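Here come two complexes built around chain A, the first alongside chain B, the second alongside chain C.
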Partner chain A sequence: MTRPSTQPSKYKETPTLKAVLIKIIALGLLDAVVVYALFVLFLKESWVAFVLVAIGLVAINWIYLTRRALPAKYLAPGIVFLIIFQLFAVGYSAYIAFTNFGDGHNSTREDAIDSIVAKSLQRVENSPTYDLTVLDQLGTYSFLVTEPDGTVSLGNVESPLEPVDNAQLSGSGKAIGLDGYTALDFAGILANQQAISALAVPLTDNPSDGALRTPDGSKAFLYESTLKYDEAAGSFTDETSGTVFIDRGNGQFETAEGETIQPGWKIDVGFANFARAFGEEEIRRPLIGVVIWTFAFAILSVATTFALGLFLAVVFNDARMKGRRFYRVIAILPYAFPAFLSALVWAGLMNRDFGFINQVLLGGADVPWLTDPVLAKVSILIVNLWLGFPYMFLVSTGALQAIPDEIVEAAKVDGAKPWALFRHIKLPLLMVSLAPLLISSFAFNFNNFNLIYMLTGGGPRDIGADVNVGATDILITLVYKVAFGSVAGRDYGLASAFAIIIFIVVATVSVIGFRQTKALEDLN
Partner chain B sequence: MITSTVSTGRRSSFRKWFTATGWRHLIGVAVIIFCAFPLLYVLSSSLNPNGTLVGSNALFQEIDLGNYIDLFNRPSQPYGAWFLNTLLIGGISSLGTVFLGALAAYAFSRMRFTGRRVGLLTLLLVQMFPQLLAVVAIFLLLNAIGDIFPILGLDSQLGLIVVYLGGALGVNTYLMYGFFNTVPLSIDEAAKIDGASHARIFFTIILRLVAPILAVVGLLSFIGTTNEFVIASVLLSDPSKQTLAVGLYQFVSDETSKNWSLFAAGAVMAAIPVMALFLYLQKYIVNGLTAGAVK
Partner chain C sequence: MKRAGIAAVFTIATLALAGCAGGGGNEGGEAGSTLTIWVDANRADALKDVIQTFEDDNGVTVKVVQKEFGDTLKEDFTKQVPTGKGPDVVVGAHDWLGSWVQNGVVAPLTVDNAADFQDVATQAMSYEGQQYGLPVSIENIALIRNTDLDPDPHDTFDEMIATGEDLVAAGTVEFPFIVQVGANADPYHMYPIQTSFGAPVFGTNADGSYNADDLQLANEGGDKFAAKLVEWGKSGVLNVSVDGDIAIENFVNKKSPYIITGPWNLPRIKEAGINYSIEAVPSAGGEPSQPFVGVQGFFVSAKTDNALLANKFVVEYLGSEEVQTSIFEKGGRAPALKTAFDAAQSNPDVAAFGEVGAAGVPQPSIPAMGQVWSDWGATEAALIAGSAGDPKAAWQKMADTIATKIKG
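Right after this comes the complex of A and B.
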């Protein structure tokens, strides 16, 4: 099909004043917001983000101010979101897959050192006692301390103690207030006791010098870390036991025996996550099981739903049949019911002890529909059949009705029996138009998170595995559990490595599938 | 003799009817039972004052609207807030999706530019990567954005909407692109001769002519957002900010089978608007889906 090309150059009419105003205001607002973001990024010294955002800002302004680039004016809004939240997210996942990011490894080495020091604080024996007033400024607590020699200093969690000279003093010489701050009275301290007793105000910029803490809100004591950080050697020494923890390049401090202190920090680990996925027996064994089940589930889902959907489409596609519309409406009800609710409802129906299927249909039987490894898989396929066949029924009906009557009549005249007619004439014609949808359906089921997670939660759990994995977990639920699970802690690095493996598998399958069906050649 | 011939005649006509369409009705009845049963079960549970899972097994024995009222009186599980959040997030996301998708589809359908074919192919491939796979990256990305604009950070519904808009181009653009192509180009040409700008043609002419596909894409994307669990559960942690999918899932998983009929009431209320809309727009949806299937 040829179309007269509508070149941007044809649009040369003068824009109306209203259009120009709308454009200037919208672009101005956007620019203001982005420039603010640039300013913050500059202060945070996030140079990569700064450069990327700046390039984006210039590109957007160019697109909407030039008279050329008409298609870009229409494509840019969607593409901006696509780039940030899909393409960038995929790229960033790939990066995370090569780090040890996760619980205990989610910041820089400096942050980890500070955090270790702060966590191991212990009260110094016979340390001087400081008189203390807790001050509040917009919800942030500060310590106003009076040292035994009379010096008054102010500090909070973020900034170490600094002497102040304009504090209000009580008769005994204790500092009790400061302009711009509200001093907490006894009731205020009681009400916020937990937050106040958790505060540690560092004495100086160097966390090894210790910090002040208060057990009661009126006296502060010096606390020092039992773990001493040695700047030159880059190692921690436990002063009570003498154990030395060294940074061995694993993203944490550890002894020669492998004893570690938490937290560690984020480092690039190369292919270590992939090596773990394929190398460690306790991860590889369940992972292989999950990969096989994911494929089996996706293929069987497409096969069963398509078979039932097509069968019903053929059955209901007889013009002599009365009440077809009614049957059709009922048959698409499961498609209209929100899918996450369906899975939860079926989980109730299939409950082993109280569910309707066991209690009523099977008269009190004890079938472990969702808790037996094999039966759980069968249950998932049944529920997915319920969820998925209406879609296949709809598209098959559409495709069936699009087959020209002449072809069918001609075949009948040639003496084709119904089955042969279906097998050799209708089905091949259907497959031409339905094959791309079957591939999409495969890709969808490959990542059918809701069904698995809501119906069985991936269970029953595989106890021998090193990751939180169950018999019905597919790859995407495994990623979610590894990344955000509560059982084994969060391991973003390993989860992202799994995600990358899925990307590669789905992309390969899809590209091969689309090649086979030549769907892409229809694009003009 | 006479009676017997009559009865054979009736029998043979029954057999004829059965082989032609009768057996189809048998299958139809089986389909109705399979499809409708779980839905009737939820409806029955939701009306059951008994409350537990096992108590819900007696279908429609007692009818009581108490669960529907209870649902709105639980401070730790703010169902009303979940419902509004879902409508709000789903509504804004699907409006945004339709708008962004229509802009792109207009460009692809009406303009010829370098990279157009590549662009369409890229969209087709990108939609193979579901956003939820990159959920870790999205979580960390929003965490970082929240340092600059707290309104778009974690635990922000606007942030979630913005993330959903990342998937606006993709299969939606495809559906719309196909439909835009069916609008004759002569309409654009005529408007252009009358002096209309491209923006005027798009907003006042094309968008009206393609309204049916806009409705379909809007509805499908609304249903998609309503069902979305992974990203919403990761980004929204405050119970009063969560969506129905996140809230109701935790509701049943926390309380196991104790509050089953309460959950069922929540499910019925959540499903009825979506199903009503779906059945109302059924014709368009079927056309939209099959338009993708049949060229």
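Right after this comes the complex of A and C.
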């Protein structure tokens, strides 16, 4: 650095009143909102989020109130966005890869127990419908029920149903009140829904006779439960068969024979998902083919689109070409349509019997563009070429025009022929600026889900294979199939593990690629 | 500085909103004052009146969230209920039920008057002996015949195809018969044909529920069906290039006298001014053809804080004849409540579809069904395309693969 740095910077001047006011108002608004958010988090008892937001609040106030930390003032918003939109998403999917999250393991152990208890409650067959009035006595709720024959009984959690004879009756003979108790109106019932819907009033002293529960606060039914939960042992017992289901630490209640009850719950499984991705025969076998095709697809896509895009760029860049502007607009049109829509349209065009290509262009030919395993791969590449070359054309045009005319002139003076001029002068110069774009294009195509999903859906499938993997499936569509269930039920854990593997592959390829790019730069 | 400050405000506001969004319908202060329901646009319209009545009767508010009916709705419900963000009540299809129960996101429902609903509807809304949903509408596919092109119904599939082929030969139409197949086939639309060979997907238990361990796909009838698929594929009766759009397009353009489709395509057929008749798919294998019957209804979340209110709304209000009729009028699908269904018989389309559906079977809702579709469709497609080799071997291989997957 040669510039003198001893002069007082103009940025150190006292800020204007307007700037201070804006700063105070903006920070004040921000603090108000965040403090409200903290309240909400506190009430919801989300402690981790609470602490993180609190730290963020203090940090942001410090950054904008202090006179130091000038770079932080510019960086802070970006960093906050980075944390929310990138790190959180990446971190969360990484976390999922270490759990058994998926169908049947959807929530916490407590939820699973609640669900099992609820679904094992069966209404006793042929039991009557009881008209119900919910009574409150010093915070204890009781059921005042009227049987269809007019018998009125009272009971609560502690004491089973007992007939009462001094109840107040409505015109229709329904008991609606009792001395010493407050009858709850509907609003009162609603205000205490959770307590009342959880209330089970035993029919008799014998618990196996069942208990009355109410689904809606105005009627009660007799239910019995076949599965009993033992809080101390943490296990379920089937009352009829005596089978015991124990929590064996694999996220579900299970008998010694491996019989389970649904639902299970989400647990951490360590590296089990990664072990499955490589170890389980039915996943590993198709994986190899898919990996090869994914690389072939990504590399060929970049190569073909770049070749065509660059060729057009060179042609349209030639001053002798007439109507260049018109052609350029035409050439970037495919880029202007949403890619997934284009893929759908192409799927229609390539239909064997009804598609435009076979019917019109090929005069009624019978080419199975999308249903033959090899042709489907070719079709994918063709469509991707159509979708991808405008981008390459655009960036190549830009890079070409950035090459100084003097260099080209100098080469011509030295006697370079057009091909040599392109091969030895223009192309190396182009590659310096284009290589990083080619690498990112590779990474994009490596995960080009839209195209595959919309054009062939991964098909055609080989029905001889045991797994639902088609000829054109790439890794990311395989992940989709794993995550959303056409392989073996929804398995988000396994899908996340795959996603991490894909990330590692793409990252490795990109790092190597960028190293090579640096070497290119050294050429100049 | 100013710009950075504003950006920060936005950021934190986003954070704060994300925090608040966690509340969903259950945060509204005192529990019980707000009921959140997820419903599709069609039914949201039909429910307007009953929601108003419900609000007035009970002094509560109902928050209606419109969602598109389909997989996203199903997935969102599965994922959001455990976090407490889900709705109290949700609309759904009965074949999602198995997965919802497996994930513990729906609560059993006590319906006092279950006998007032059509049996197939109650059965469809039940799982492992428990009823979970309140059925509102029933739908199934049937054969729609263009009566101008072919005025008479047929007893057998072959007879119908022969008539269709005569029409093709005469140059009146292009296709003897049309049904959507697509590159991965469509076992749902093919099912009536398959069952006429006596090959259902699963066997049933004594109580009529499906038995996942008893895969019936590849019985003798299944083999015959597979052989027929190859034959039909060769003769052009079935074609994997025909997807849903192409199928209905060709039928409304009078290029085929027959189509197998559901009530959702009726508006287009009417619009095209086609004279039609709705009837059962003629038997191809000698036994009656049974389409899958789909039932749609309302379910209560397993984690609702408003259990009593939600149950009251679903059972007492949505189960009423007015509501069932109103949903029928908006959606055009037969109501599940018997009285409403009887009233809807005055509509000949509903009556005809209903009659075909009465002979149908509920589409299995057991989670094992999720393992079936993909291999089933791929094999049918390969058979029709003629790339599967020996039909019996391919069909048996498919059944073995599915059975292995179900066992896990």
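As a convention for this text, the second predicted complex is superposed on the first by the 375 of 524 C-alpha atoms of A that agree within 3 Å, B and C clash if a C-alpha of one lies under 4 Å from a C-alpha of the other, contacts with A are read in each partner's own complex, and residues count from 1 in each chain.
In this section, contacts are C-beta pairs under 8 Å (C-beta built on N, C-alpha and C of every residue); 3 or more make two chains touch, one makes a residue touch a chain.
In this text, all values refer to a predicted model and were calculated from it rather than measured experimentally.
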Chain B or chain C, by number of chain A residues touched: B
Contacts of A:F354 with chain B and chain C, given as first, second, both or neither: both
Contacts of A:N450 with chain B and chain C, given as first, second, both or neither: first
Contacts of A:A89 with chain B and chain C, given as first, second, both or neither: first
Partner chain in contact with A:A19 - chain B first, chain C second, else both or neither: both
Partner chain(s) touched by A:A37 [first = chain B, second = chain C, both, neither]: both
Touched partner set for A:L333, first chain B, second chain C, both or neither: first
Which of chain B and chain C A:P263 touches, first, second, both or neither: second
Contacts of A:V157 with chain B and chain C, given as first, second, both or neither: neither
Which superposed partner A:I60 touches (first chain B, second chain C, both, neither): second
Shared contact residues on chain A - chain B and chain C: 19, 33, 36-37, 40-41, 44, 49, 74, 77, 81, 84, 351, 353-355, 457, 484
Sites on chain A touched by chain C in the complex: 19, 22-23, 26-27, 29-30, 33-34, 36-37, 40-41, 44, 46, 49, 53, 56-57, 60, 64, 73-74, 76-77, 80-81, 84, 103-104, 106-108, 111-112, 114-116, 118-119, 121-123, 129, 186-187, 189-191, 193-194, 196-197, 214-219, 221, 262-263, 351-355, 368, 370-371, 456-457, 459-461, 463-464, 466, 468, 484-486, 488-489
Chain A residues touching chain B - in the complex, by the definition given at the top: 3-8, 10-11, 13, 15-16, 19, 33, 36-37, 40-41, 44, 49, 70-71, 74-75, 77-79, 81-82, 84-90, 92-93, 96, 101, 312, 315-316, 318, 320-323, 327, 329-342, 344-349, 351, 353-356, 359-360, 386, 390-391, 394-395, 397-399, 402, 433-434, 436-437, 440, 443, 447, 449-450, 453-454, 457, 476, 479-480, 483-484, 492, 495-496, 499, 502-503, 506-507, 510-511, 514, 520, 522-523
Residues on chain C engaged by chain A in the complex (per definition of touch): 1-2, 4-9, 11-16, 19-20, 22-23, 30-33, 58-60, 75, 78-79, 81-82, 99, 101-105, 107-110, 112, 128-130, 183-184, 239-243, 246, 302-303, 305-309, 311-312, 315-316, 367, 370-371, 373-375, 378-379, 381-382, 385, 388, 394, 397-398, 401, 404-405, 408
Chain A-facing residues of chain B, complex: 20-21, 24-25, 27-28, 31-32, 34-36, 38-39, 41-42, 45, 52-54, 56-57, 100-101, 103-104, 106-107, 110-113, 116-117, 119-121, 124-126, 128-138, 140-141, 144, 147-149, 162-163, 165-169, 171, 173, 185, 188-189, 192, 195, 197-199, 202, 223, 226-227, 229-230, 233-234, 245, 248-249, 252-253, 257, 260, 263-264, 267, 270-271, 274-275, 278-279, 282, 286, 289-290, 292-295
